[in-house]
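Chain lettering (A, B, C, D and E) follows the sequence in which the chains are written, and residue indices restart at 1 in each chain.
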Amino acid sequence: ACGNEGSGADDGKLSVVAGFYPLAFAAEQVGGDHVAVTDLTPPGEEAHELELKPDQMAEVVDADLVVHLDDFIPSLDKAVEEYASDNALDAAEGQDLLTFDGEIDSHDDHGGEEGHDDHGHEGEEGHDDHGEEEGHEAEEGHDHDHGSVDPHLWLDPTRYAKLGDAIADRLAEIDADNADDYRANAEAFGDDLAELDAKFTESVEGSERDDIVTSHAAFGYLADRYDLDQIAIAGLSPDQEPAPARMAEISDYIKEEGVTTVFFETVASPAVAETVARESGAETATLNPLESLTAEDLDAGDDYFSVMEANLAALEKALN
Amino acid sequence: MTITTMLDYEFIRYGLICAVVVGLCAPTVGTFIVQRRLALLGDGLGHVAITGVAVGLLTSTQPLWTTLIATVSAAVITELLRTYSKASGDVALALMFYGGIAGGVFLTSLASDKGVANLHSYLFGSLMTTTREDAVAIGVGGAAVVVLMVLLLPWLSSISIDETYARASGVPVMALNMLLLCTAAVVVSVSMRVVGLLLVSALLVIPVVTAAQIGRSFKSTFVLAMIAGALVGGGGVVVSALLFVPAGATIVLLGIALFVLVTVAAALARLVSKNRRGGPAKADAISLSSAD
Amino acid sequence: MPDKTPPVLDVDGLTVAYDRHPVLDGLDLTVRQGESVALTGSNGSGKSTLIKAVLGLTAAQSGAIRLFGTDRRRFKSHSRVGYVPQRSTLHGNIPVTVKETVAAGRLNRRLPGLPPRAADRRAVRDAIASVDLAELADRPMSDLSGGQQQRAYIARALAGEPELLIMDEPTVGVDAGTQELLARVVADRLDHGCTLLLVTHETGPLNGYLTRTVHLHGGEKAYDGPTIGLHGHDDEPACLHPGGEAEAPAATAHDVPGQLFEKGRDR
Amino acid sequence: MTITTMLDYEFIRYGLICAVVVGLCAPTVGTFIVQRRLALLGDGLGHVAITGVAVGLLTSTQPLWTTLIATVSAAVITELLRTYSKASGDVALALMFYGGIAGGVFLTSLASDKGVANLHSYLFGSLMTTTREDAVAIGVGGAAVVVLMVLLLPWLSSISIDETYARASGVPVMALNMLLLCTAAVVVSVSMRVVGLLLVSALLVIPVVTAAQIGRSFKSTFVLAMIAGALVGGGGVVVSALLFVPAGATIVLLGIALFVLVTVAAALARLVSKNRRGGPAKADAISLSSAD
Amino acid sequence: MPDKTPPVLDVDGLTVAYDRHPVLDGLDLTVRQGESVALTGSNGSGKSTLIKAVLGLTAAQSGAIRLFGTDRRRFKSHSRVGYVPQRSTLHGNIPVTVKETVAAGRLNRRLPGLPPRAADRRAVRDAIASVDLAELADRPMSDLSGGQQQRAYIARALAGEPELLIMDEPTVGVDAGTQELLARVVADRLDHGCTLLLVTHETGPLNGYLTRTVHLHGGEKAYDGPTIGLHGHDDEPACLHPGGEAEAPAATAHDVPGQLFEKGRDR
């Protein structure tokens, strides 16, 4: 990489570039005043669809640390590999990752899980036509470019805390002068997350039901941590057009098991969830997978913790 | 799910209605579109719709309106390009395609903090999530389009078949062209919200080219295309419900299968009749000469 | 006769240029009701251009065109004019029958959105019969031979029962039998007061009915007068024999003789 | 980033090289594609690539190979359809489009547990993440394509201009058609991994139609298209770096802007020369008659 | 002469049918080197079909076709045959000049991938000059008039310096001056041993050089013999006057006279 003048160097701060919101949030929490964090995914934008613009590429090249998640934003992966491999931290490193197989739900005679497929659309050029593609098809919205590994590890507070520690270690290496501050910040971040984890455990453990019906399988880590059964309608991606038979099957299941709520995600179109809800007489509610926050969320002062609290409230209502 | 229990589900009933109506209605517009070699118009309009939604979100206007405005103006520009530059229809379409995508990407990148990211949820429907209101709207709108196209059939076919002659003989070519392309734009913009862009743009074309393999006149092709569209639409929903596969893609693949089947059958029929030509040929010749 | 009937077509100082190449240069032409005019001239002399300008298919730089006394731009009675273009060709993906092709020539007598009346159907049928295509009426155009297609385009022009028939080399590729049939059709129309403007290089049965010849050369009229030498190479009568009866002074302005004259600068 | 510091970044240098090379090379194939009214071929091949990647993932084959196989066979099928059915080029393309998309959707839905989800990362590149190896590969491949197209120019143009005559006069039409479409398939499949599908399919068309507005012959259009492609490719990267906008979309929009500019300028030039026709017209007439 | 030279084209029992309609029915035809043959027949009688079958543009149901003694399917010396199609038209988005169009007719003498040699360039230039288009050589075809375009297609066939020239109504829309020019070109080629097969409905200067006439009717040869009545309506000589010198017995098998004969069942 050339020209490593470091954009943050002007004001003496380390420059940290993060792929999308949860990574940026963790970096801010851990880095505190010593770092300037750039979130490559603008508020409200689909992370997977990100096309890096020349100025963003320059930021990646010049950054002191790039926090990314392998297989999540293809163009960032490639940029890191080529131009920032020494300064990069893969958020998945050292984590106990879930694959979509089986772990998430048991209802998949036909393709269920897998989470997400990818989609990219408006983002990079290519997609688009592409975008089209799915576009053509599906209802859309959120999506994920991940292979058979589920990337949404920040939805499990304990795994998210490990990411905080990893970032602290790297920052300490780069900026030994402030190493203690980073470690302390990471610890505080971990404590907040432990508290959140306790709240989830408490309310979910005492609940009547343990089925969560979602429009797609973004909540595997949440389900894994709290022993829930995630039943994803479209199976994989929210972009994927659901098979009518799958929708009928889930409607039947909802009726049989007395599930009360069908969840959809903030950024995805609620159409599939609403249709299944209408068919089965259940209600709909939102769960936020937190891949990115909208400008309104940020203006309203929301952050990871407040959104997770809202998710918890929605879960409590649905499970009891 | 079996073929008998399938209709117990409301969403399948509505999906079936929409698929059959779009199957009937899209080819009526599509026949003229295909005749003028604009087979990819539907897809192109879909690309432009992306820019339309982006503009709507940026200006805080209801995206349906900006989409309609964007697609209708794209249709008008395509027509003007075709008429006034040396470009043929496919070139005009290509410019619309790439301009539409690039415009959408560009606008989103300029103002990504306004929730523009979520374009696609404004764009793409799915057959299986249609509601009662959707079904009613599609039914009424579809019927209106079919009636309009049938009434104007001779005029629209004349401008599609030989535009220069139509112009010379006083047919209001420009007005009819605009009417046709704008109808296509409205059909695509409205129904892609409900049934998905792939489905509506494919049904604009595939039934028509299938019908053209066996049709012997413009009118018979028009009618056969409607029948093929409705068959494929309805059949696709049933098959997809039975086989655990997505409805939109199934309908399209079924349409392509029908096209292949019909094309091969027609080719075989030609071959067979050629080989036993001694018989019918002679008969033909006789009937012709006696009629003389 | 010509001088007593009202003008059907009136072209006044018509100038048309493509890119930097002027094709017609201040052309004047008046055709009166009942006349039958042969429009001749070598390739590229502007015959088709004149016709296209009259029909509004090509924009003119200057000059006025009146059809039945009305300025072309305000002219609305399109059914009064029938047109056979030079070299029509098929395109498009969908089969179109002869009947459908010919019916397009009748549209200008129908109200948009209404079904054809009995008279419309009859006119289409008669037009098809008059070019001897009745047996092929329901066959797709793409199945027809070149000459058969050309005949369908002639029928299309006849279907509107026009008062002014403008034909650009209509008998190209049409066999002798049908040309004679067509000559009788044309004669019949002329008897009914119809006017005829016909571009031709060929000799044939039709030419016998063309009583006046307008010869274009260099963007101007080189000859305008009675047709000379009805049978034979009569497509260039005035120029090969620029006789004294030529009314157009332009004819004498050219001093290039015979062959060369025909391959002159206007190509 | 300023225009002077821009080239300090390696990724901009490589992106610039790739954009210019694709800008030069795509129009050489594109000229023949556009002449035969297949302007949307690039986009269609991209859609088919989706199915190719899906097959690769399902069968655990390297996706690049299945993509190549899928696009090349799609190109071959398009050509066969065009030759043997009554369908024109745009119809063949439309079938390929919709079949490609629907096939991809269908396959993914059948086997979504095999990591098929991740289609797009196998499909789409971005100009700003090209590496040195990418730049070298694109440079070498692009040069090979340009040389091939230039050498075969008269043959390929003859089959694009009047295919029936070419066949009658013994030109190996089928072989050349296949060569052309397969080259297009390879160019699209390979370079969309590097520079993105939007960019390569747009550069196949837009420079060519721009050049056709002012070209006076096939050959001059061919050359002008290469120049326009390289200009737009290079210019787009510079503009996008200066304005903080995505490179691919910028190049495409720049291309469309150039097209509009050239078209309007050409129309104005025609108008002007018409109005002062007295002068040049007379001169013209004289030079012609004196040459006689 | 005809009987002494080797056969250039040999058609044996050729049968072609479109859909259920038979067009050619066991047709035999031999054309020998140096002959100049007029192929006549009413519209739809199968003239173009015969030519397309000879050139491999239409599949035959049965029969053999030999070109210069070689079976058509194995025939590779394409440059020995020149072809002017009936009704060529322009399509495509990119301008193509006259020179580029004509150069396509020379490709069969060039090696793929190699640049044209001086002889190739000269042949193209000469072909263009021979139809009097030299001044328009660098103009796009779309700027040309109908007759000028037709002349370019003729030049294209000449550019390959063929030994057998097959022309399907080549002089359609071509002015008298150029027709005479063309007649001289053809005469020159005939002098050099070239063979000519020409479809025509028209009379014109070219017809004087067509010494043999083959008349198609009902998918068979109705007449095959010397051309009768060289000037005048000579496109149907044998049928209008089925004289005794007709070698084809088929001609006498028809008992339909004159006019009706020409509009017979084969349309």
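Going forward, contacts are C-beta pairs under 8 Å (C-beta built on N, C-alpha and C of every residue); 3 or more make two chains touch, one makes a residue touch a chain.
In this text, all values refer to a predicted model and were calculated from it rather than measured experimentally.
Novice: What chains, if any, are shared contacts of chain B and chain E?
Specialist: In this structure, the chains that contact chain E and also chain B are C, D.
Novice: So which chains count as neighbours of both chain D and chain E?
Specialist: Neighbours common to chain D and chain E are B, C.
Novice: Among the chains here, which has the CA centroid at the largest distance from chain C's centroid?
Specialist: Here the answer is chain A, farthest from chain C.
Novice: A-D or C-D: which has the larger count of contacting C-beta pairs?
Specialist: Between C-D and A-D, contacts are more numerous in A-D.
Novice: Cα centroid separation between chain A and chain C, in whole Å?
Specialist: The separation of the two C-alpha centroids amounts to 73 Å.
Novice: Express in whole angstrom the distance between the two chain centres, defined as the mean CA positions of chain C and chain E.
Specialist: 28
Novice: Indicate the whole-number Å distance between the mean C-alpha point of chain B and the mean C-alpha point of chain D.
Specialist: Comparing mean C-alpha positions, chain D is 26 Å from chain B.
Novice: Would you kindly tell me how far, in whole Å, the mean C-alpha position of chain B lies from that of chain A?
Specialist: 38
Novice: Could you say which residues in chain A touch two or more other chains, in rising order?
Specialist: Expected reply: 51, 53, 110-111, 124-125, 128-129, 132-134, 136-137, 240-241, 243.
Novice: At least two other chains touched by the same residue of chain D: list those residues.
Specialist: 34, 37, 39, 43, 86-88, 91, 101, 105, 109-110, 198, 201, 209, 212, 245-246, 248-249, 252, 288
Novice: At least two other chains touched by the same residue of chain E: list those residues.
Specialist: Only 19, 21, 91-93, 95, 135, 263 qualify.
Novice: Which chain pairs here would you call touching?
Specialist: A-B, A-D, B-C, B-D, B-E, C-D, C-E, D-E
Novice: Which of the residues in chain B end up touching chain C in this complex?
Specialist: 31, 34-37, 39, 151-152, 154-155, 157-158, 160-162, 164-171, 208-209, 212, 215-219, 221, 288, 291
Novice: Going by the contact rule at the top, pick out the chain E residues touching chain D in the complex.
Specialist: 55-57, 76, 78-79, 81, 83, 85, 88, 91-97, 99-101, 103-105, 107-108, 110, 112-113, 116, 135, 138-140, 156, 160
Novice: Where on chain D does chain B make contact in their complex?
Specialist: Checking each residue of chain D against chain B gives 34, 37-40, 43, 84-91, 93-95, 97-99, 101-103, 105-106, 109-110, 198, 201-202, 205-206, 209, 212-213, 245-246, 248-250, 252-253, 255-256, 259, 263, 267.
Novice: Tell me, which parts of chain D touch chain A in their complex?
Specialist: Of all residues in chain D, those touching chain A are 1, 5-6, 8-12, 15, 43, 46-47, 50, 101, 104-105, 108-121, 123-129, 131, 192, 195-199, 201, 237, 240-241, 244-249, 252.
Novice: Considering only the defined contacts, which chain A positions touch chain D in the complex?
Specialist: 1-3, 51-55, 57-58, 61, 71, 74-75, 77-79, 82-83, 100-101, 108, 110-120, 124-130, 132-134, 136-137, 144-148, 235-237, 240-241, 243
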